[in-house]
Structures are given as C-alpha cells and as structure tokens.
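Structures for review follow.
Both of the next two complexes hold chain A, though its partner changes from chain B to chain C.
Let's look at the complex of A and B:
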C-alpha cells in the first residue's frame, strides 16, 4: 500500500490528472498508434496525409457522434448509414433533377434526415420496439429507397459551388473536419453541461429510475434519435460535396464502424457510460489504421486481420490502463 | 587556375548534352519504381490483373535492372468512398504511378486530380477516364465483349425466348456499358424479350440470390447474360440449385476458374472473356513508360476471347 502511495506521489500532477480521466486509455492508445505510424512510415506525418486522415475521419466521425449519443441512452440505430446515403441522394436529385438552389436542397435534405431520425425515435418510443431490431428494418427501407430512386446509378452534375464543403480546406484543415469538430463541441456541451446530457446518462443507466425521477425519458429519446438522423444526413451531404456525385453507396460503411469506434472509445453498448469525445478518439484510431494499411502496402487479403489485431490491441491497452487506474485508486 | 577554367569549360560543354539526354523522351532512369494497382474490389478477376502486373515487373527488372515493386491495394467492398480513400492515402507515399479500375469516374475525379497535381503518372484499366481527363486507359471493347455474349445467347435460343441480364455494379462504366450493349443486341431480335434485370454489385452471393429470385418470378426464362465476372458464377449456382440445367442457357463473362469449370461441366454454354492478365501487364508497362518520360498511347485494347467447351480443353 505504501509502495502504491509513494508511486502516486512521485507521479507528476498532469499525468495523475490524465490517468484519472476515463478517456485516458483510449487517448493514450490513439497517441501510441499515431506515434508508431509516424516512426514506421516516412509518409505518415506529411501535411497531405494528415489532411487525408482528417477528411476521412470527418464523415464517419459525424455518424459516430450520433451513434455514441444513442448508445449513451442505451439505444442503437443501425439505419444511420442509410439515412446518410438517402439524404445524400435526395440532395443530389433536388439540386440536379429538380433544379433547386443548392442551399435549399441541402436544407431540405437535412430536414429529411431529421424526419427519418424522428420516425425511428417515434417507433421506438410509441410502440416500445427495441431500437436495434427496429432499425434493422428501417435501414432496409431507407437503403431500398436509395435503389428505387437511383436504380443504382450515381447522380452526377452536383453544382461545383457546394463541393467546397467536402473538398475544401481552411488554413490547410479540411472543411468537413472543421464541421465535425464544431458538431463534437456542441455534442460535448450538451452532454456535459446541460440537464439534457445528465438525463441521457441517467436514462442509459436505468430508464425506470430515470422515469421515477421525473425525467421525460421518451422525449429525450425522441430528441436524440432525431438529432442523430440529422447528423447522419449532414455526413451524407458532405460526402456528396466531397465526391461531386450522389453515390448510392454512400453510408454503406457507416453502420458498424461508428459502433466499433464508440466501443473502442469507451462507450458502453448497455448505456450510461462514455462520451462522444471518446468515440471520436476511437474513430481516430480506426481512421489511422485504414490509412497506415495503405501506406504500408498491406495485402488486401491481410487487411482485415491486421486492422482487427490493432483494434484488439487498442481495446486491450485501454482495458489494462483502466485496471491500472483502479489498482492505483485514482 | 587554368585547370579550373578548363574544367568549367568542360562542364559547360557537357551540360547541354546531359540536359538533352535528360530531356529526351523515355530516358529518365531510376533504380527503383513503386507502382500501385487499385482494383474495384477484392475479387479473383483482379488477382489475375495483379498476376499480369507482377509479370511486367519481373520483365522490367530483368531488362533494366531496376527494382520494380507492385503494391496491390484493393477496397474490401465495391465502394467508391473506400476507393477514393485508398487512392488519397496512397498519394501520400509518392508512388511512381497508380493504375486504377474506376468504380465511378465522377466520384473518382477528385482523387485522380489530386494525383495529377502531384505529377504521379496514372493509368486506368478495365474502365474509362472521367470526362475531360487525359489519362491513358487499357481495356477490351466492353460493348463488343457483351455483344459477343448476347449474340451467342440469341443464336442458342434460336432467336426466341425470355432472357434476363445481370448487371454488375451499375455505377461502374464497364458494367453499365456491357448491360446497355446486351440490351441493344436483344432489341434487334423481336423474338427475344428481356423480362428481368438484376444487380449483383460484383458479388457472387448477391448474383446467386438475384438469379434465384428472378427465375422464381419468371418460370419461362430461357437464358442469361451477365455484365461482370461474378455475375455468371452466381447465376450458374442458381441454375444448378433450381435444377434448371439444360432448360436455362447461360452465356457467361470472363475467365475465372469457376466460369471455366461451369463451361466444362455444361452448366454454362460459353463465355465472352476479357483478359485481365494483359490489362495488369500493360498497366505497369504504361506506368513505367510514363515514369521514364516516354510517350504512351491514349488507349490500349487487350481484346476478348470467346470460350467454349471445345476450345477450353481440360
């Protein structure tokens, strides 16, 4: 005991503060992967490559913020990817086929995302359906609607004016990444500094107890599902702006990756634990893994194995650091 | 001092010659080259492209002594977003050239422009460049390949019957061109009716599911053509599972081992095959030529082969 105490007293205060933070494990894992990549690959730290990673992270990051917020509530929405894809396709149709001005088309598509998220929330709260099961169904509907609308063919001719939102940079930082950071700041403010955030954690921990405390559980659920739909739509629109076409495949990879990112980032699937910031750290780990796999020229047949091993190592590192924290009494 | 002046004069005289040698097309040399091959998706057809690329690398190494590294980097799914991410990450490594099979020319345009802006030589194989972009491309005549298959099916069916078309990835230009050319041939024959079209997204499993459902819904279906290499393999499996071998004619596409087995076993009548090894081989050759500063042709046709039980052998 005295040895542990002396170890604690020897540790610099900043390090002690870092270790007390529940995000310390995933943050250190992120920094470690970043540092190792920088040492091993001479290309990793180039400005262009940093921009590539940040831009790639932005889109899945937005959906990760949405999914992690739902997971804190104890919910899951498997249709977020297809909401993003559908809203992207609809925005393309509104701009190209209906000839609407781009800002109006984008706003309407965001509203569609809100509506689809609201619909998911409504079905979960009113009918008392399990969100995981329900959204398997709605993902099928939204994904099917993409194929019905596009026949599988991308919508081209997206106005060049909006492509800045996906391809542009401000002071060398990709615009979609800046948008994601702004959304993350808002999500952190809401979850940490407002009653709504406290209610979300309370509901995630124990919905029945939250109800007894007078928290309007269904209203909060409905609100978070709705906002999650809108964030996914935003990701879809930004991807349309990035590609310059509304691809029917947008959102296909936004189903499992955000859940994995959130879990890596310490968000519990059972609810009540974690933070959108941790989830973004998790998404950052995944984004770096995807990047270094290409930089190192890993065979496509080994990519799944390599990325899986790195994810397992990152989670193990996080778990070990938590155990160390507990043992240390910090 | 005189020696120094003579040396400088010698250097000055040699400079134009050296500069001329440097500037002459195809004379830039390096000790090593690293070329990136980016297919549409992890798929056996693209493994053959990679085989061809490795052959070219070996040939170049033997002839020039330079180390030639082929980095084969494939998206796990046929998703343009993933492909763009791979190309953009690869640009960071400053390769000596990138050969890519585009999932969607419009969606890939940004990443190709990024590569061109960094003077990285490009070659497009099995696809066509985005409109307005000057990039050498390699492939067979996709339309002719499809027409060979469609005409064969019409011939086997005697010009009459219900047929179906399996499209691959609808946004992939080579797949959509083939599907359109199938339709053109069938439209020339009033007795042929296209009753269904499926989308398999270059997945054998999806092709099998789509084909099974289409044959259920259209019991009078007499024949199939496909627009991608995975399609006919899935269709063949569905034909066998439905017990319709001999009742439904399949004219396949390309020369994957499963396709060849189906022709040998009689599940498929024949196949109109592009030659992926040649596409990989010439992709590397054109990248290398560009890296040396040599001019390259804008288009290189690797041709098609028509495969039947008779000419396949064992």
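Let's look at the complex of A and C:
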C-alpha cells in the first residue's frame, strides 16, 4: 500500500525543477514561444525581423530592469515611463533649441532622470509615502511637464551623430540591444554578487528585520529609485536617437509593460523574490507575441488584450504550481 | 467511550512520515494535554482532528461517528492557533462574529444588536474590553481570550484546541486565562491544550498524550506522572530541569553603561552591563523592556539620556551603527523582526556575514557556503539543506538560525528578547548553553524573559521593570522569587535590591 501511495505522489523531476525555479520556467516558456513562432511564420527567423524584435525589446527592457529591481525591493514606480519621455524631450530641446553639444545634452538629460528618480525615492523614504500612490502623482507631473515643454509637438533636427545609438548595428546586433544587455549584466552582478543586491531582497522580504540586521534600508531604497530614474532616462534618450525626433509620446508604453514583464518573469509584486533576468525573459515573451501579431497582420489593437492575457496566465500558472507543491508538503 | 477518538492515525508526505500509529482519546469535561517537541507531529495531528488535513491511515470518531462521512462533525472541534489571528483594525464585536454567519441576523449586520450579544461573550470570558473597541487597542491577554471566545461563538463546538495560548502572557495573565478555561470546562466541553510549559501542564492538565517523532510515546492521567518523566517522554532522554546556566566566570569590567535613558514607554533608565554576566530583565508585558532594548539598539528613537559602550559614547537611533559596533538585538517577534521568509536558510544566514564574504569580485559564494554550513552544524539546525526556505522550518530551527547568524559576526553585546518563546525544552537548553558560553567568552548578554524560571536559571543579575521604570536590581542566586515578583508588580516588597533612587544617587557622584 505504501508503494502505491508514493507512486501516486511522485512526479517527473524535470517538472519539479521547473516549478521550483521560476527562472527556468519562464525561460522554457520563452524558448517554446520562440520555437512556435519560428514554425508558424516563415518571416519570423529572418535577420531583419530578429533585429526589429531586439531593437524594440531594448527600450522597454531597460525600464523593465529598473522596474523589476524596484519590485524586488517591494516598491513600484509608475513614473518611470514619463521620466523616460521627459528626459528624451529635454535632451532634444538641449541639442536643438539650446544648441548644446550632443554628448553634454545626453549627460544632462541622464542627470535629470537621476534627479527625478532621487526625488521619488526621497519622498518615499523621508515622508514614508506609499510608492505606488506617490508615483501616480509624480507620473502626472512629469507627463504634464512633457506637454508644457513641447506643446505636444515633436522636436525635430536631432543631430545625426547620435542616431547611431538608436539605429546602429554592431556585427548585425542593434546598438540599443547591446546597451540593454550590458545594463542587464551589471544589474545581475549587483543583485547576485554584491551586498547591495542581497539587501534589496532582504528589504523586499521584511524591511523591519532588515533594519534589525543593521541594513540601511532607506539608503538602499533611495539608491534604487535613483538608478531606476537614470535607466528610464537612458531608455528615453536611446528612443530619441532611434526616432531622430523627440516625440512627446515617448515612454507612454513603458508603464504597464515592464510590470507585466516582471510578473511573467517571476518577480512578485509583493517584493522579495525574482530576478531582473526573469523580467527580461518576460519582456522577451511579450515582444515575440507582439511581433507575431504584426506578422500575421492582426490589428495592433489586439496587442493590449494579448499581453494582458499572458499576464493573467502567468500568474495563474504560478499560483497553481505553488498550490501543487504545497499540497505535497514540500 | 471518549467523545473524540483517534485510532492508529498516520500521515505520509513524500519522503517523510509526519504521523504514525497515533491514538488519542479526549473525554468531555476534561483538559487533555498534547505534549511534544517541535516537529513531533502535534500540528499535523491537530490539522487532521479539525478536518484541515486527511490522515493517510487510521480513523477518527467524533461522538462515535466518522467525520469523513459526516463533515458537519468537524464543526464540533474548534482550534485557536498560537499566533494571534484577529483583525487589528476591526472592533471586538465584529472580530467575535466574523464572518457574521453565526449572528442569526440574516444578511445585514446590525451593529447595536451585535455589540449587545458580544457583551455576553465578553462577560463570560472575563474580557475587560468593550465590544466597540478596536482590537489593536485592547490588551494582549484580552486578545488571547477574545480568540477563545470567538471559537466558542460556534454553538456546535464541543472540543476546543488551544495551541500554546499563554506564550505571549505573563504569570498573572496566564492565571486569568486559566480561570476562564476552567469555568468553560464546566459546560460539558473538552479542551486539548498544547503547551511546552511544565508548570502549566501540571496546573491545568488532567489527561495527557505525548508525541515524539510522529508517534505516541505515552498517555495517561497527569496526576500519575511527574515532571521528569514527562520531559523524558517528550525528549527521549534525561534533561536536568533544575540545571542552571549562570556563567561560571568572574564578573569584571563594565561593557555598557546606560544613563538616564528615556524613550517610548520608558523613562529615566540607568543600569550597567558587566563582562561575564547574563543580565536578566523581568517585568510584565508592556513594562517597557523591549522598547528600552530596541532604543539602546537604535531601532526606536531615544528622547533623552545616553549610552556608553566600553567607555565610549554610543550612537543612538542608528541600527546600522549599532551592528557595526558589535551590538545585536534578537527580537521576540521572529516573524516580524527576524526572518526573511521567502529567502533560503543560506541567504538568511549569509545576510549578516556579508562583510566577511564580500571581496573585490563580489560575494565569494564558496566562503559563504562554508560559513553557512558551519552555522547549521554548530547550532544543530535541522533542515533538508541550506537551500530550504526558512519559512518552512520549525520555530525552534528558525530561532537557532537567527542566533547562529548573529554569532557568526562575533558580537560584543547581545540582547535576547524572549529567545525561547514557543520553543521546546531541549532546544531551550541549547539556547541557554549558548548564552552561558558567550557570557563566559566576554560577550555582554542581556536576557529579557517573562518566564521567571528562565531568568532564575540563566541570569546572574535580574533587573525588574514596571511601568517604564526600573524597580530593582537583584542578585539572581540569592533572591527569592517572591521578592522579584513584588518588584515586577511594584508592590514595594522589592526591598532586597537597590531602588531607582539609589541608582540615581550613585550616578550623581
């Protein structure tokens, strides 16, 4: 009788590994969706299409790295998209209207992103505000500033010299994608191999216990908000370089997509678990599906529906597998 | 025939048999003690008895019938968990009747009528709070009693399972809870009482069942067993209960001096901590002991006074500076202040030794694994491996991980706040031994405890607090328990030690 019982509860070790390690799970999902796409569409694997996907992924990917780091910390910044947009627009104004040299304009715009992220972090730590609620407000302020500065009109005449950052390729790989990979590598090193990364997970798990352990909780929070603001600004600048104009609409799609990507990639909205790598895998899944929708000529209006469905599926799968593991007393 | 009968219960999980061949019989009108160390299978058994889990083998009978055929029978069994599970920002009355399916008022909540009915329960259970009070604002013993009262709003309930209901209470409050339990028993009900505390077992218990490693090892009448035999049954070996753990070394220089410190819930506190002693702090819940220590540690803001450590001024209001300076505070709130629940045992331990494991190329994983393995070995932490999520370990093993993590940093001052809350006897002795060894190695040790026996067994000196002030300082070996209790309640019988006035006078000079 006991052998029968254990046979019932045993399951393939590969399945267990998948469910225990969310990173492996989302990676398998990414590979599967990639493979299915390659089979159903003859254009999918073409070099041109691959570079379209990679380039598109780069911008939202940078914001995803920023947002997922904040989520691990137990925070959320809904103003990252408008920070990116505002910094992009400001860089355009500095280059075109103020006539500053491009490198200096880019550095100043990055510093603006840093300052706006720092401001969000300062309000969260010093006043103890809830980051989700606070950044609904600051997102409105930064987004409003874009419209005030541009009056809704794109700034054209971006120097051709910097457009390489957005449009160029190195060995056939889009430059912004390479920049995103470099940032991802730094983020992974920070999160896995440095005390700061460990502190982020600790704070996301239990801020009170983190303080009891002598972790300077507010300092880490402030730092991550600041870096997140800077990364969003970087995404905004690269987008300006890519488009050759500073559009007031830059960043509008960088609010919910990074959160969705992080959730698909196993980052909990409640903090303390997940990895920026998983979030990028999640962003990759969304990017491929959006690409397939375009390749099949489906109305782009369906994109929102599809990525919403993926999020719901991903978190449902996560909850179900956790329940399955718990039932076995594991 | 007993009202609740379990025969040969077994419960298998993959790779683990949590329960095997367990019998239990609970009679109405009696208090049945369920004893056993952490991990003995008590909670698995309780889950099966309440219908939250199913046995792999064996049978249960409630009132002679199998509850698996008549699931309504599980309503006869009520369970009050160890942790408070009330809604803090909801009124006493609403907590009592949540989810309002027992009020019999239909679909709407009639507040006045509900509060009137709540008052009957509050009277019966001796709860001093008003029905309209927010639970957050009522006392801890009232909260504990409210949990019991809530279970009894279930009119079908016959057997009440109390899981360590007194772990957050002081001696006098325990008396109050016990009075309520006894009066409740007259009503043709039974109680299953889970406890680690021997004095409680012998005070309230009538029958007992002891579990060890998932098996029933002993059962019978409490009147026919003595403390030593019960502990032997629980732990499987002799544990000397009268052994003391006071450091056997000379008390030398001052490690820490606290002068006129004030803060939340305490005022004008002065004391010294010497090298080679364990300094005990006794007092009621709310006397300000935890707040005092958390303020010294920097977790709470001091409003006045200062602290010197090894002769140098100590920076207050900064936990990072305290930890860097070698002071650690181990909170009684393991869940709220101790563990990082979603992280592994390894990450939980590794967090406090990052200064040792981080080099130029980041955290050295091999070094970290080595330190973690040593902590797990040295402190006898039972886990499937360093990768196990800490939240899935037993309370005792979590506590050992927290202590081991603190030790790995070679601290100078360690503050233990109720370190053995909810921990079995054998693990308790291990923790006492660790404190003793550290004190003998020259680490300044402060022990806050609500268990007088614990303080008497471990502390060299005991300071008593009442209402946020020190009420005495006593040599632990030569002072009667009555004197200490007097100082805790501030009844003025604490003549044996120095009064706050004496302490102040000595600081003026």
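Just so we're on the same page, the second predicted complex is superposed on the first by the 276 of 330 C-alpha atoms of A that agree within 3 Å, B and C clash if a C-alpha of one lies under 4 Å from a C-alpha of the other, contacts with A are read in each partner's own complex, and residues count from 1 in each chain.
One rule holds for everything that comes next: a residue touches a chain if its C-beta (ideal position, glycine included) is under 8 Å from a C-beta of that chain, and two chains touch if they have at least 3 such contacts.
On a predicted model such as this, the values are computed, not experimentally measured, just so you know.
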Which of chain B and chain C A:97 touches, first, second, both or neither: neither
Which of chain B and chain C A:300 touches, first, second, both or neither: first
First (chain B), second (chain C), both or neither touched by A:21: neither
Partner chain(s) touched by A:248 [first = chain B, second = chain C, both, neither]: first
First (chain B), second (chain C), both or neither touched by A:46: first
First (chain B), second (chain C), both or neither touched by A:316: neither
Common ground on chain A, meaning residues reached by chain C in one complex and by chain B in the other: none
Chain A residues touching chain C - in the complex, by the definition given at the top: 2, 5-6, 9-10, 189, 192-195, 198-199, 201-202, 205-206, 208-216, 268, 272-273, 328-330
For the chain C and chain A complex, residues of the former touching the latter: 12-14, 16, 18, 56, 297, 299, 319-324, 329, 331, 336-343, 347, 350-352, 354-355, 358, 361-363
Of all residues in chain A, those that touch chain B in their complex: 41, 43-44, 46, 48-49, 52, 55-56, 59, 147, 151-154, 156, 167, 239, 242-245, 247-250, 252-253, 290-291, 294-295, 297, 299-301, 303-304
Residues on chain B engaged by chain A in the complex (per definition of touch): 42, 71-82, 84-86, 88-94, 104, 106-107, 109-110, 167, 169-171, 176, 199
